[in-house]
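Once you scroll down, you'll see the structures, which are given as structure tokens.
Common to both upcoming complexes is subunit A, partnered first by subunit B, then by subunit C.
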Partner chain A sequence: MKRLRQILRAVRAQMRAAWMTAMQYRLSFLGEGIVSLLWTGFTVVPLIVAYDYREGIEGWSFNECLIVVGVFIALQGILEGFIHPNLGSVVQLVRRGTLDYVLLKPLDAQLMVSVARSTPLKLPHIGVGLALAGVMAARLPDPPGPAQAGVALLLLLCATAILYSIYVFIVSTSFWFVRVDNLSFLLISVLDTGRFPVVFYTGAVRVFLTFILPVGMMTTYPALALRGLLSPRGALTALAVAAAFLLASRLVWRTAIRRYSSASS
Partner chain B sequence: MNTYAAAARAFPSLLKTGLAEMVSYRVELVIWALTATMPLLMMFIWDRVAATGPVGGYDQNAFAGYFAGTLIVRQLTTAWVVWDLNEQIRTGSISPALLKPLGPLWLSAAENLAAVPFRMLVLVPIITCICLWRPELALGLAWADVPAAAAALALGWMVYFFIQVCFGALCFYTEQSGGIYMGFYGLFTLFSGYLFPLDLMPAGILSVVQWLPFRAIIQTPVSIITGQLHGAAVLAPMAHQLAWAVICAALARWSWRHGIRRYEAYGA
Partner chain C sequence: MIEVEGLTKVYRSPKKAPGLWGSLRSIFYREYKKVTAVDQASFRIAAGERVGFLGPNGAGKTTILKMLAGLLVPTGGTVTVAGFTPSERRPEFLRRITLVMGQKQQLLWDLPARETFELNRALFDLDKAQYGATLDELIALLELEPLLDRPVRNLSLGERMKCELAAALLHRPDVLFLDEPTIGLDVTMQVAVRRFIGEWNRRNGATVLLTSHYMADIAALCPRVIVVASGQVRYDGALDELVAQYAPDRHVVVRLLRPPTAEEAAQSAPLSQVDGRMEALVPVSEVKAVVDRALRTLPVSDLTVEEPPLEEVIARLFAREKR
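On to the complex of A and B.
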């Protein structure tokens, strides 16, 4: 218990440092907010054009489709604000050998590299996404109640856990290959598939997005929950998958760290 | 005119340097090329839209052909000089490059050209998969239109490259122009035909958009290499390309020269 309190205190201290840095540039929040709105527009326009020709596509109306877009944008913000700045820095730590300093500290190294550089700068982006999903869900003929909204948020947390784990897998490869910075951009563009309901994809691509890289689960499931169409079994599957991914990421990280032979010694 | 003669003489060596650069960063290059997959996503959604009947003259095969063409054109007319300039101007590493008899833009252009074979390599499996998926896809370029297609690709690349130089030169004043450029890029994805064929847009918007430079970069080359446009029909869109290539080149030249003068005034 004491150990847990210690960890929480360390995490809080690191978060506070990151927030204070960001707060020095308060105007950037406004800029980020405007940019997020702009990009949301860029994401929605192709859908407006497509839905101009059809009332519904594969059982999703325009409004329902925008719920998925909202969830996607929120997840994108989580990735860019809370996952990428942290885990992305590991590649550099490995290359420069400065991971030594992290490993020397008494706290768990994975925990340290996972929270130290979070930036609240992407909160407006997450807010825009959640607002879009929320407004569109409220406009459904059968709007979701607090229970469904809670399940949707829980599923978004699961999605975050899965995304985090995949990023750990990618970063762990840097212990072997050293230069992998732009693999993360590849992940970002694979996540791009999540801006549409997974049923829009056919054949092998849908299989890939369902079973191998569960992007469909990450953005479509929360939207399905808000529509009241997700079975309890589906929600439990998502929880199990997220737990499995987290566990795997822990194992992969432990294996990778054993490979690390500091650059200085 | 002297610089252009010098550039022509030096270009083969620049190309060789560019090629060596691309070879040493081949894995990264391939990964970068793989990130330009947005047209693939759009292909799936439009395929679903057209599943119950053609949309605005496009059926499933036409969409498959259009987006296969978009993937190809995007790989061939791309440029990244704006990111090079952002980096070089901010860190000052552009100074030694400016001392050389030929400006750094020539090397950037040579690098773009040198990357083409690698980018093609990425395309082969993707296009093959699309062809297996929709064997009847509309991707028919007649031999007679090959020169037009090549010219359209070159013009499209020039428009994109020179626009990027303009944004890059902005760094001489603001030190960072990546953010502003991303705004332009967003408009580019919507109005170039990158995410959907422009003729599917409402007519009112289309009548404005067709005067903008964006479609010169994607839609015009795509409609030629997919065989949508052929014979004399390619002339009007290519005249639009040429006009914008000239305008953008002039603008790039002007902003570059002004920027350089300002950079020297810094004494950096």
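On to the complex of A and C.
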């Protein structure tokens, strides 16, 4: 318990420093909010075009589809605001050898690099996404109750865990290959497929997005939960997949750290 | 405090044929060669000792230091520091050591140094009162007061190094690993850093391991030196003995009130005339006799006996190695 409190204090101190650094550039905070709103608009445009000629696609009405878009935007904000700045910096730390200083602290290095650069900059983005999903869900003929909303949030957490784990896999390879910035951009692009319900895709793409890189699970499942269409089994599967990804990421990280050769002085 | 036995580190580094064709080939087929950075190093360091690591670039000094600090996993041999195996990086171990690297920094670039100190307080879970006392002591010793509230990016290199030292010592470690702490600093700042390290060791009895390119650092701080070349320990012992062993001569220089007569010059051998003064390299055992004779026979205005500079001693050691 004492150890947990210590860890929480350390995490808080890390985030405090990161936020203070971010505040140095306080205008960006306002800018981010405006960009998020614009971005949401652009994300919705293709859907408006697609739905102009028909009522529903693969069992998803326009409004229901916007729930997926909302979840997608929130997840994108989480990736860009909390996962990418933290784990993306590991590549730099490895290249410059300054990961040394992280490894010299008496706290888990993975935990520290995962929170050290969290900033509030993308909170507006996440807020816009959640608001869109919430508003659209409330306008459903059969709006979700608190329980369904809770499950949806839990599934969003699972999605975050999966996304985080995939990113850990990517940065862990930097211990071998050093330059992996491009791989993280690939991840951001693949996540883009999550802006539509996974049933919109067919064939190999759908298999890929369901079983290999479960983007479908990440954005479609929370929306299905809000629509009341996700079975308990589906929710449990998402939990299990998230746990498996987290565990695997931990193992990969620990193997990678032993390979760390530090940049020479 | 530190026990090292047969310590070895082998890196696998990619071998690339020269030119564009070589680069293309290495994408598909990569050959590796093994580079032995540290080869069977063994030594023991007692608590409170100050030990300098000497050696040419790429000798393996930093690799040894990083293995001692737990950043690198040894390929072979055993290391214990304060009773711990460093590569396990247990929190209790990390609380007892610190590593300062002259070429890298832990200070938060955009924020004042005070914020890095606060962060380290949380990361090391330091008691508030004890942290305050240590910080006050460091501020006084390093004269940090005027630097604390300026963003680190606005500090000079020397000022930054002072803050780096403070950040690294807040948790009062027993073992200090210092990798080129004075690199790039001007002479005044080098002296300040050196003085601080010596004072800290005296006050706290902390063990200090230092690598430096500046022999003055080693000469001022380290009674004992370990010389490393090609990953192997070539000398381990007192600095004085190293000098005695590899620099058995002293440079005796006599300045004169007037040019000596031929007879005076002949009597004062082995001293010979160079640019209006008399000088010679004299074996330590004969220095007294030579100086006595010079004082008796020559019109002396000034007389100095100097050890050769440490740089020269080390150069001689490596020259002998190569032969």
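Here is the rule we use: the second predicted complex is superposed on the first by the 259 of 265 C-alpha atoms of A that agree within 3 Å, B and C clash if a C-alpha of one lies under 4 Å from a C-alpha of the other, contacts with A are read in each partner's own complex, and residues count from 1 in each chain.
The definition used in the following text is that a contact is a pair of C-beta atoms (placed from the backbone, for glycine too) under 8 Å apart; a residue touches a chain by one contact, two chains touch by 3 or more.
Keep in mind that what you see is a predicted model, and the values were worked out from it rather than measured.
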item	value
First (subunit B), second (subunit C), both or neither touched by A:13	second
First, second, both or neither for A:183, with subunit B first and subunit C second	first
Contacts of A:211 with subunit B and subunit C, given as first, second, both or neither	neither
Touching partner for A:202 - first (subunit B), second (subunit C), both, neither	first
First (subunit B), second (subunit C), both or neither touched by A:97	second
Contacts of A:21 with subunit B and subunit C, given as first, second, both or neither	second
Residues of subunit A touching subunit C in the complex	6, 9-10, 12-14, 16-17, 20-21, 24, 96-98, 100-101, 103-107, 112, 258, 260-262, 264-265
Residues on subunit A engaged by subunit B in the complex (per definition of touch)	31, 35, 38-39, 41-42, 45-47, 49-50, 52-54, 57-58, 179, 182-183, 185-186, 188-189, 192-193, 195-196, 200-203, 205
List of subunit B residues in touch with subunit A within their complex	28, 31-32, 34-38, 41-42, 44-49, 52, 55-56, 133, 179, 182-183, 186, 189-190, 195-196, 200-202
Subunit A contact footprint on subunit C (complex, rising order)	11, 62-63, 66, 69-73, 89, 91-92, 94-95, 97-99, 101-106, 108, 110-111, 115-116, 118-125, 179-180
